[in-house]
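Presented sequentially are two complexes of chain A, the first with chain B as partner and the second with chain C.
Entry: the complex of A and B
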């Protein structure tokens, strides 16, 4: 079992980097590794509990039919998956970035930290991948 | 010798600095390092037969291992039979394995 740290910066709903990051976290958990995720800048909104599904009026879809996926559900699923696999998933949001965006209301299981924590996660990890916005 | 993982997420037609990333991979390989070049998202576009990307083609056939993410290929309806020689299809699990094995990883 290894420990992997993944840094994410992209905000939700904007970049293919986000689902790729989620796929990486899922694969790492599935393989039995401990994972630290450090969300910086816009990525701190991934776990924002206030995200809401919506209908699609253009396509005539109801809210249920549209079933728009919100990243907070993926964060919750990954946290639950880690518990199921008996591995540790730390989902840490940069506190300053959270406050700037007003996304303090996060799904259960996430935590606040600082770039110092990101550095500590990296120091204690076997592998590190930082996914920048550009 | 070190182990490197370079992840290319952009196509060469959307970012002007991809050539530098190819060069970095090539230089690391020529310096005797173990280099994996992993294509993901639009990065897989260079792997198609007929895609004109001379700098990418120079990586193929070298000691650098070039992999293309299976999910990204499926999203773009790219069949493995249409990939350039030297490109292998891989699940994203390979990235996890390399990270768990302490490869030095760079994302572009």
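Entry: the complex of A and C
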């Protein structure tokens, strides 16, 4: 079992980097590895609890039919998945980035940290991947 | 009323989370509101014109992700009488054959884009 650290920067609903990062985290958990996720800048909104689903008139779908994905649900699902797989998933948000964006209300199981915490995660990891925004 | 041309170049940027392409969606919403609007797919976005795309099967833990249905969305704008053009040079560069395209899409050569621009009053680029 290894420990990896993945950094994410993109905000929700902006980049294919986001589902790619989630896929990598999911795959690592599925293979039994511990994962530290450090969300920086816009990515701190991924776990924002205030995200809401909506109907989609252009698709002709009700709220239930559209079942619009909110990344906060993906975060919750991955935290539950890690527990199920008996591995550790840390989902840490840059605290200053959270405050700047007013996204303090996060889903349960996430935490606040700083670049120093990110560095500590990296130091304790077998592998590190920073998915920077472009 | 002004004629709009929506030029879409960016492709599959946030389609997993949005369950659509936001530029196609925005254009469709404008049409629903009464706008006179066309779409030009260029660059990587020409792949939106391809039949049999399938983004299903993704899940994060127990949470299944529906993903986009670009074929549905492209067919929907065509059904709404939104003229939909695709740059044939960009199709060829990507090895996409005309037989792979959703019916109702008109191919234009890259050299014909200036003429297309001339035929519209306002251009939205995405």
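Note that the second predicted complex is superposed on the first by the 134 of 134 C-alpha atoms of A that agree within 3 Å, B and C clash if a C-alpha of one lies under 4 Å from a C-alpha of the other, contacts with A are read in each partner's own complex, and residues count from 1 in each chain.
The rule is simple: a residue touches a chain if its C-beta (ideal position, glycine included) is under 8 Å from a C-beta of that chain, and two chains touch if they have at least 3 such contacts.
These numbers come from a predicted model, not from an experiment.
Of the two partners chain B and chain C, it is C that touches the larger number of chain A residues. By the touch criterion defined above, A:31 reaches chain B but does not reach chain C. In the superposition on chain A, A:80 makes contact with chain C only, not with chain B. By the touch criterion stated above, A:13 is placed in contact with chain C alone, chain B being left untouched. Once the two complexes are overlaid on the shared chain, A:4 sits against chain B while remaining clear of chain C. When the shared chain is aligned, no partner comes close enough to touch A:124: not chain B, not chain C.
Contacts of A:111 after superposition: neither chain B nor chain C is touched. Residue contacts after overlaying the shared chain place A:63 against neither chain B nor chain C. Once chain A of one complex is fitted onto chain A of the other, the partner contacts of A:23 extend to both chain B and chain C.
Residues 16, 23 of chain A lie at the contact with chain B in one complex and at the contact with chain C in the other. Note for the complex: chain B touches chain A at residues 5, 7, 9, 40-42, 71, 91-93, 95-103, 105, 107.
Remark: chain A residues 12-16, 18-19, 22-23, 25-26, 29, 56-59, 66-69, 71, 73-74, 76-78, 80-81, 84 touch chain C in the complex. Residues of chain C touching chain A in their complex: 12-20, 25, 28-29, 32, 58-63, 65-66, 73, 76.
Residue ranges on chain A touching chain B, taken from their complex, read 2, 4, 16-17, 20, 23-24, 27-28, 30-31, 33, 126-132.
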